[in-house]
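One chain, subunit A, links the two complexes that follow: it is found with subunit B in the first and with subunit C in the second.
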Partner chain A sequence: MAKKKILILILLLINIFGNCYSENKPYSKLENDISKNLRCLICQGQSIYDSNSEFALSMRVYIRDQIDSGYSESQIYNMLVKKYGQWIVYDPGYSKKTFLLWFIPLLFFLLGGAIIYLRIYKSRKL
Partner chain B sequence: MEELLQFSAKKKITFSFLIFAFLIFCFLILNKALNEDKIYSPKLEKNKNSYLPDFNLPQLFSPDQVLLSEIVKQKDFSLVNIWASWCIPCREENDLLKSLSNINSLQNIGINYKDKKKNSIKFLQDYGNPFNHNLVDYNGTESINLGAYGVPETFLINKNRKILLKIIGPINNNHIKQITKIING
Partner chain C sequence: MIISNIGFSSLFLGLISSLVVFSCSVANVKKNSLSLSKIIYQFLTTQFFFVIIGFFILLYSFIISDFSNETVYNNSHSTKPIFYKITGLWGNHEGSLLLWLLVLTSFVLFFFIDSKNEPKKFRLYTIIFHQIIVIGFFIFILKTSNPFDTLYPIPQEGLGLNPILQDPALAIHPPILYVGYVGTSIIFASALGAMVTGYVNKFWAKNLKKWILISWTFLTGGILLGSIWAYYELGWGGFWFWDPVENISLMPWLSLTALLHCVSTLEKRDLLKNWSIILSIVTFMLSVTGTFLVRSGILNSVHTFANDPTRGIYILIFLFVLIFISFVIFFIFESKNLENKKEIFFLSKETSVLINNWFMMYFLSVVLIGTVYPIFLDVITSEKISVGPPFYNKLLIPFLIPFFLFMSVGPSMSWIKTNFRFKIAFIYYFLTTFTATILTIYYLSEKDLLLIILIFSLVFLFIKTVTNFFEKNTNYAQNLSHLGFAMLMLSILFNSISSTEIIKNIKVGESFNSKNERITFKKIITEEEKNYSSIIGFFEIKNDENKTIKLNPEIRIYNQPVIATSEAAIKTTFFKDRFITINLIKDEQLFNVRYQNKPFMIWIWISTMVIIFGGTIAIFSKKKNYI
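Take a look at the complex of A and B:
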């Protein structure tokens, strides 16, 4: 009996602390997805999702507000890029500034393919 | 056989030299990257995106909400400073902000960032109040709307809310010179 009481007491205590530290409203999947794609500008190498800095926490509230006001995921990215620049999103997108980033790997791939092709072609000829 | 060995030794030297050069190259790049400023901010372009959005914020000393565009009309230039009582650089820049409040055509607008009301009022009592208007951004979303990184951060804007100068981090004497230069034309 005493054991049972202690067990119930422990369970109650766990629940109380759980309620104290739980968030008011857990983040939705969309909110988490957006925050994973955003760079925390004041922390090094962390996304908004990973960070607990004041900036990141405000950003999460901001993201929730924007979703509640009916903005779509891409609209939110565009708004933040306008404010903070391209650096805030992990996906650099296509633009005049980033076309080299996208096309140099492709170019190298084609160049490498051409070299391999020519070598094989030559060795066959010999 | 000897010739072959000599040849490979020569090759070894060039190979090790190449590795050495490569390591120096890596070191130089790393060194440059480490020395670079870690804050990335879009440059203020002359026409695009260089206006502060209008916003409605509660005041620190009265419960009324206030519209930024309404306050900005009162003077030719406004200095919007985001601060918090828990931010130590904000204490240091407080004196500089006070020195700026002597300029007639300039007003200081303070935005209290993620702070407790009690602490922020105590801060203003202890260090002095350099602001003509005290606004409160309780959860920090309005600062993100402004494109701010955190505290301290300062915008110099004109009557139309056009951003003339953006200072990330605490202001120093150089910034004061820049500000007075812009105000005096």
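Take a look at the complex of A and C:
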């Protein structure tokens, strides 16, 4: 019966944090979209949307509350970034710190184009 | 206990053999004999033989659950089904490295046998460079990740394999992926060998293409299996997450794809020599960097299962040595490969290959920067940022439009120069594409301009590729892979635009609506299996026409190690997947139910298989111009 005991133990463990869940309303599209763009901070590389951890569940409640209080999507992101840092949002955004992140690939693209153009253009002259 | 010692000694003897091969090859370079020394062949075989012995001993220990072996103890359990006992071998760091080594040594042997008609010096140098890699991995295994470490006293029971790895797709995923990864080592060694001996020419290109195709096909297959696994097992209905570990498998794929196109230009026109070499080196570097990033644990990923920093450092040093060697060789011997600067015409296949490479390198840089930038930023400013789907979507999607358009016309170009003549067919293509796009947009009711243009270019690519089959001089293998790619992009696009989902907390007996379907939660039952207990939910989905579909998602609670996983129930039909998962929440009768409608899901897998099928035909094709 050890298995049964373990089963019950796990059910209890999982259920501790579920209190906030009595509301019986499906998640709206906006809620799902927001939760897809947020990292579950206690998981390995999962978004709030993907995860079933307590953190993700409480985050879901937080998102719903904020939407109900009339905050917009970007306002919610800003509040979370203030609280948890940039790590929580999957969109790195545009800032001084991420300038190179966006710029390097584009530079690669321009450089590649220039090389190919020169190669074809030059070879004409030979 | 004894058997583990045999395994270890066998690997040690393998290292000795590879040292012998290395030194004999070096000695052989000086000799003027026409053929290679027999000793090299003999010791390449023994080296392979010893790794095989090691591999089978570990396999045996896994099968009989010999917990005196630390690797088995850490990753297996006596109640596990036999299939997962076997696949547990590569479900961990030590075992997977042994598999690396097995593929590595078998490939070099295969190369030796296969390259009989190639110049002696080229073969020798390739073997020398390849042996450096083999020796590196032997030392890595023996020093930092010995799969034959023993435990005393012998534990009664093992710790078990992570349950989410206990899945058929993931069980065969590593071997397939590794063949792809490790195949790039031959490409790398062969590129260095060809450089040193001045053999970078069309003959080299022709032989190399086979290796590229093998690696490429297996890598594609490995990525496919990984995605299928993620879709079934991780339980939220996605298949690609721009997760660092996924990116790492995508990077060598991108550069291999570039190389595959580039090397055909070298074969046909004797052009792009240095670029082919650079791509060969880069591809292998990306594979090793991938191993480093995954194994070191610097990445935060859903796929990171075990890691140890000291191993990361070893791979890092090894990587630097390899980069250093390749740089030195590249700069010393670069002038040997001087190509006569032939003219490249604007309307030619050469140009389309260059454009392909241009985009591939851009995509590669996006994925690479997106993956490593957060690591560097963290080290330099200790600030953590996440780079996720929004970044990749913004930088990739706009560039896919010109890429699709170039890809549609590229294969129709001729080598050297294409005489462009206006044909009635162009109007036909345009009109068909236009009509098809309008129908699609109407069907999807899509209003985003960027997406509309994307759909247009993609539909054009699809139609053009299909019609290519009816033109003469079509290379079927290549066209098949291109068709698969177009289908893949179409299915991904439609899938992401028109997937719907509903997430709800309900009790047993309740039901809810999703569009025109009614989902009823009938009952739950609990079952006891050998290595897990499960809670199975019974769901009924009724649509307008009163057809009923039954789906039974599961929550599994594994006993060793104790982990709860959620098993999705998926009903696959030709046009869409119905996907349902359940999770437990507080109120004991309340379940979190996630129901998704995912159109064209099966087509994502089918189209990738079409790509792989194209590659396979190319590998076995007798005709030489299969690209």
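To be clear about the criterion, the second predicted complex is superposed on the first by the 103 of 126 C-alpha atoms of A that agree within 3 Å, B and C clash if a C-alpha of one lies under 4 Å from a C-alpha of the other, contacts with A are read in each partner's own complex, and residues count from 1 in each chain.
The working rule: contacts are C-beta pairs under 8 Å (C-beta built on N, C-alpha and C of every residue); 3 or more make two chains touch, one makes a residue touch a chain.
Source: prediction; values computed, not measured.
*Asks:* Of the partners subunit B and subunit C, which touch A:Asp65 in the superposed model: first, second, both, neither?
*Replies:* first
*Asks:* Now for A:Lys97: first (subunit B), second (subunit C), both, or neither, which partner does it touch?
*Replies:* In the superposition, A:Lys97 touches subunit C alone.
*Asks:* Per the contact definition in the header, classify A:Ile42: touching subunit B only (first), subunit C only (second), both, or neither.
*Replies:* In the superposition, A:Ile42 touches subunit B alone.
*Asks:* What is the contact status of A:Ile116 with respect to subunit B (first) and subunit C (second): first, second, both, or neither?
*Replies:* After superposing on A, A:Ile116 lies in contact with subunit C but is clear of subunit B.
*Asks:* Is A:Asp50 touching the first partner subunit B, the second partner subunit C, both, or neither of them?
*Replies:* second
*Asks:* Have a look and say if subunit B or subunit C is in touch with more residues of subunit A.
*Replies:* C
*Asks:* So, A:Tyr27: does it touch subunit B (first), subunit C (second), both, or neither?
*Replies:* In the superposed model, A:Tyr27 contacts subunit C only, not subunit B.
*Asks:* Output check: A:Gly85 vs subunit B and subunit C. Expected answer is one of first, second, both, neither. What do you get?
*Replies:* In the superposition, A:Gly85 touches subunit B and subunit C alike.
*Asks:* From the superposed pair, tell me which subunit A residues show up as contacts to subunit B and also as contacts to subunit C.
*Replies:* Comparing the two interfaces on subunit A, one with subunit B and one with subunit C, the shared residues are 44, 57, 85, 87.
*Asks:* Which positions of subunit B touch subunit A when the two form their complex?
*Replies:* Residues 38-42, 49, 113-114, 139-141, 143-147, 149-150.
*Asks:* Any idea which subunit A residues touch subunit B in the complex?
*Replies:* 41-42, 44, 53-55, 57-59, 61-62, 65, 82-85, 87
*Asks:* So in the complex, which bits of subunit A are touching subunit C?
*Replies:* Going through subunit A, the ones touching subunit C are 3-4, 6-7, 10-11, 14-19, 21-27, 32, 36-37, 39, 43-47, 49-50, 52, 57, 85-92, 97-98, 100-102, 104-106, 108-109, 112-113, 116, 119-120, 122-124, 126.
*Asks:* Show me the residue ranges of subunit C that touch subunit A in the complex, using the header's touch definition.
*Replies:* 234, 236, 238, 241, 243-244, 299-304, 341-346, 351, 354-355, 357-358, 361-362, 365-366, 369-370, 373-374, 377, 381, 383-391, 395, 399, 501-506, 512, 526, 528, 533, 557, 559, 562, 564, 566, 583-588, 590, 592
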